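All chains are identified by letter, namely A, B, C, D, E, F, G, H, I, J, K, L, M and N, in their written order; residue positions are counted from 1 within each chain.
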Amino acid sequence: MGLLAAGIGAGIAAIGAGIGIGMIGKGAVESIARQPEASGDIRGAMILTAALIEGVALIAAIVCILLVFFA
Amino acid sequence: MGLLAAGIGAGIAAIGAGIGIGMIGKGAVESIARQPEASGDIRGAMILTAALIEGVALIAAIVCILLVFFA
Amino acid sequence: MGLLAAGIGAGIAAIGAGIGIGMIGKGAVESIARQPEASGDIRGAMILTAALIEGVALIAAIVCILLVFFA
Amino acid sequence: MGLLAAGIGAGIAAIGAGIGIGMIGKGAVESIARQPEASGDIRGAMILTAALIEGVALIAAIVCILLVFFA
Amino acid sequence: MGLLAAGIGAGIAAIGAGIGIGMIGKGAVESIARQPEASGDIRGAMILTAALIEGVALIAAIVCILLVFFA
Amino acid sequence: MGLLAAGIGAGIAAIGAGIGIGMIGKGAVESIARQPEASGDIRGAMILTAALIEGVALIAAIVCILLVFFA
Amino acid sequence: MGLLAAGIGAGIAAIGAGIGIGMIGKGAVESIARQPEASGDIRGAMILTAALIEGVALIAAIVCILLVFFA
Amino acid sequence: MGLLAAGIGAGIAAIGAGIGIGMIGKGAVESIARQPEASGDIRGAMILTAALIEGVALIAAIVCILLVFFA
Amino acid sequence: MGLLAAGIGAGIAAIGAGIGIGMIGKGAVESIARQPEASGDIRGAMILTAALIEGVALIAAIVCILLVFFA
Amino acid sequence: MGLLAAGIGAGIAAIGAGIGIGMIGKGAVESIARQPEASGDIRGAMILTAALIEGVALIAAIVCILLVFFA
Amino acid sequence: MGLLAAGIGAGIAAIGAGIGIGMIGKGAVESIARQPEASGDIRGAMILTAALIEGVALIAAIVCILLVFFA
Amino acid sequence: MGLLAAGIGAGIAAIGAGIGIGMIGKGAVESIARQPEASGDIRGAMILTAALIEGVALIAAIVCILLVFFA
Amino acid sequence: MGLLAAGIGAGIAAIGAGIGIGMIGKGAVESIARQPEASGDIRGAMILTAALIEGVALIAAIVCILLVFFA
Amino acid sequence: MGLLAAGIGAGIAAIGAGIGIGMIGKGAVESIARQPEASGDIRGAMILTAALIEGVALIAAIVCILLVFFA
């Protein structure tokens, strides 16, 4: 049961990171294209929010790696 | 059963954080591009709402880590 | 069964908070960008509705934490 | 079975509150940005509808808390 | 089985109320912002339709509370 | 089995009423805002269609209440 | 099995009526707002199509009521 | 098994009729509002396509009624 | 098993016909409203494509009726 | 098992044909309304792509009919 | 198990072909309506991409026919 | 189990190819209609990306054919 | 179990590649049509991101091929 | 169970990478087409966010490869 959770959980975490960081990245490249001189502020907000998502996704990945070695 | 929940729950929490913070981050970078001089207010609202989502997602992640060691 | 519910329920609660607060946060940063001088009223409505969602999500998280220790 | 329902039901209730209050909050902050002088009427309609959703979500949460102590 | 239905059914009812009243509330605040002098008529239609949804959702919640005490 | 159906069926019926009456209510308040002098005709069509949905949803709710007492 | 089908089937039928009549009702009130003098023709088409949906939904509801008394 | 299929199948058929005739009805009332003098042709196409959907949905309903009496 | 398939399959076929013919019918009434003098060509294309969908849906319905009498 | 697959598979094939030919038919009637003098070319492309979908859907239907007589 | 897969797999393949070729066909007829003199190039790209989808869908159908005779 | 996977997997692969190549083909025919003199570059990018999707879909199909003969 | 995973996993990987590369390819052909002289830069970004998706999809396909020979 | 997780998890990870990098790549090529002289900044943000998604997806893929050799 733990092994089942490890594989599927890691995959779902990748979907989470994909949806979230994908939306941010899409917004960021379009915003830079519209307002190139504000690219510093945009990159700051982009990295800040992407890091918050990456954090939760990595925690989920670590939980799944733990499950591989525990179960 | 607890191990199954740990992996899948952590993955779902990552989706939650991804959808939510992704929408906020997308809105924020587009708003900064449209109104660069209001970037302070925008960043404030962005961090405030992202932190509320991050909080619930981290609680879910902690519940899942607890489950790994309990189950 | 309780452990299974704890992990998945906490994850689903994070999705709930993510969808809801994400929509509010996205609307708020875009509204501040469009009308910076109304940012006080906007922040007030933003915090009020985000708090209502956060409340239900935290109750769900607490129910899940209870389940970890009960089950 | 009751414990399973408690966790998942509370999570689903959080999704319900998230979708509903999120849509209202998004509409409200955008409406205040478009028409700041009508913010009193807007806030009134916002709180009225958000309270109706919050009520059903809290009833669902209470049902789930009951289930934790009964089952 | 009845306990399982109680928790999940109450949660689903909260989604029903959330989707429905959320759409109405979103439309109402945007309509008031566009036409503030028609806010009386708008509020009337808003309350009428929201009450119809709230009624079905409350019946569902009551069915679920009955299930907690019966099952 | 009947108890399971009662809770989940009542919840699904609330979703049905929520989606349907929510769409009608959203359209109605926006239509009143656009054409306030036609609010009588609009309210008539709104009540007529909302009643048709409410009818089916109430029948579903009654079926579910029957199930609670039969099963 | 028949009782399970009765509750869930009635709920799904309510979703069917909700989606369909909701779309028609939304279109109708918006159309009346755009062209008030054609409200007779619009109401005719609205009632005709809503009745077709209502018919199938009521047949589904009757099937479910039959199931309650048969099973 | 047949009873289960009867209830759920009838409900799904109602969704089918709801989605389809709802889209047609929505398009029809909006088209009549845009071009009132073509309402004869529009009503003809509306009834023709709605009847095709109604036919399949009624066949599905009849299959489900057969199942109630056979199973 | 065959009876289960008969009911659910007929319902799904009604969804298929609903989605498809609904899209065609919606497009057709809107097209007639925009270009009334091309209503002959439009009706021709409408009937041709609707008939292709109706054909597959009727075959599915016939398969389901066969299943009722075979199983 | 084969009977179960026959009914559900035929239903799903009808959804496939419905989605696909519905999109083509919707596009075709709207295109004819916009450019009536190109209706020959449009009808050609419409029939060609609709036939490709119809082919796969009919193969799926034939597989399902085979299953009725084999299983 | 193989028979179950044959029916459902063929149905899903029809959905795949429906979604894909439907999108291409919709785009093609709209493009021909907008630019009738480029209909040769459009038809070329349409057939090329539709054939790639048809190929995979036919392979899936053949796999399913193999399953009928093997299982 | 392998036979079940073969049929369903091949069907899902057809959905993958359908969604992907369908989006590309739709974009390509619309782009050619908008800019006929760039049809060489457009066709190049179209074939390149479609081939990448076709490759993965064919690998999935081959895996499924292997499963038919192995299981 | 491994054989089941091989077929379904390969199919899901094809959906992943289809959604991702399809979005990129659609964007690329539309971008080339809008700005033909930037087609070099566009093709570069297209190939870079498509390769990242293709890589993960191929790894998933290889995992599935491994499963066929291991299980 | 581990083998089942390996195949499906790797497939889901490919969907995650596909959705995320696909959205970024689509945004990037459209942004380069709109603002070719900002292509350096755009490519930088594109690679940064795509790498974050690729990282989580590769971790998920590695977890799945581990599962193949462990289970």
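Annotations for the structure displayed:
Methods note: a residue touches a chain if its C-beta (ideal position, glycine included) is under 8 Å from a C-beta of that chain, and two chains touch if they have at least 3 such contacts.
Since the model is a prediction, treat every value here as computed from it, not as a measurement.
Within the contact network of the assembly, the step distance from chain F to chain N comes to 6. With centres defined as mean CA coordinates, chain H is found 10 Å away from chain G.
We define each chain's centre as the mean of its Cα atoms; on that basis chain C and chain J are separated by 43 Å. Counting partner chains per residue, chain E has residues 1, 4-6, 8-13, 15-24, 26-28, 30, 32, 34, 42, 46, 50, 57, 64 touching two or more of them. Interchain contacts close the chains into one ring where each touches exactly two others, per the touch definition above. Taken in ring order from chain J, whose neighbour in the chosen direction is chain K, the chains follow as J, K, L, M, N, A, B, C, D, E, F, G, H, I.
Chain contact summary for the complex, chain F toward chain G: residues 1-2, 4-6, 8-13, 15-24, 26-28, 30-32, 34-35, 37-38, 41-42, 44-46, 48-50, 52-53, 55-57, 59-60, 63-64, 66-67, 70-71.
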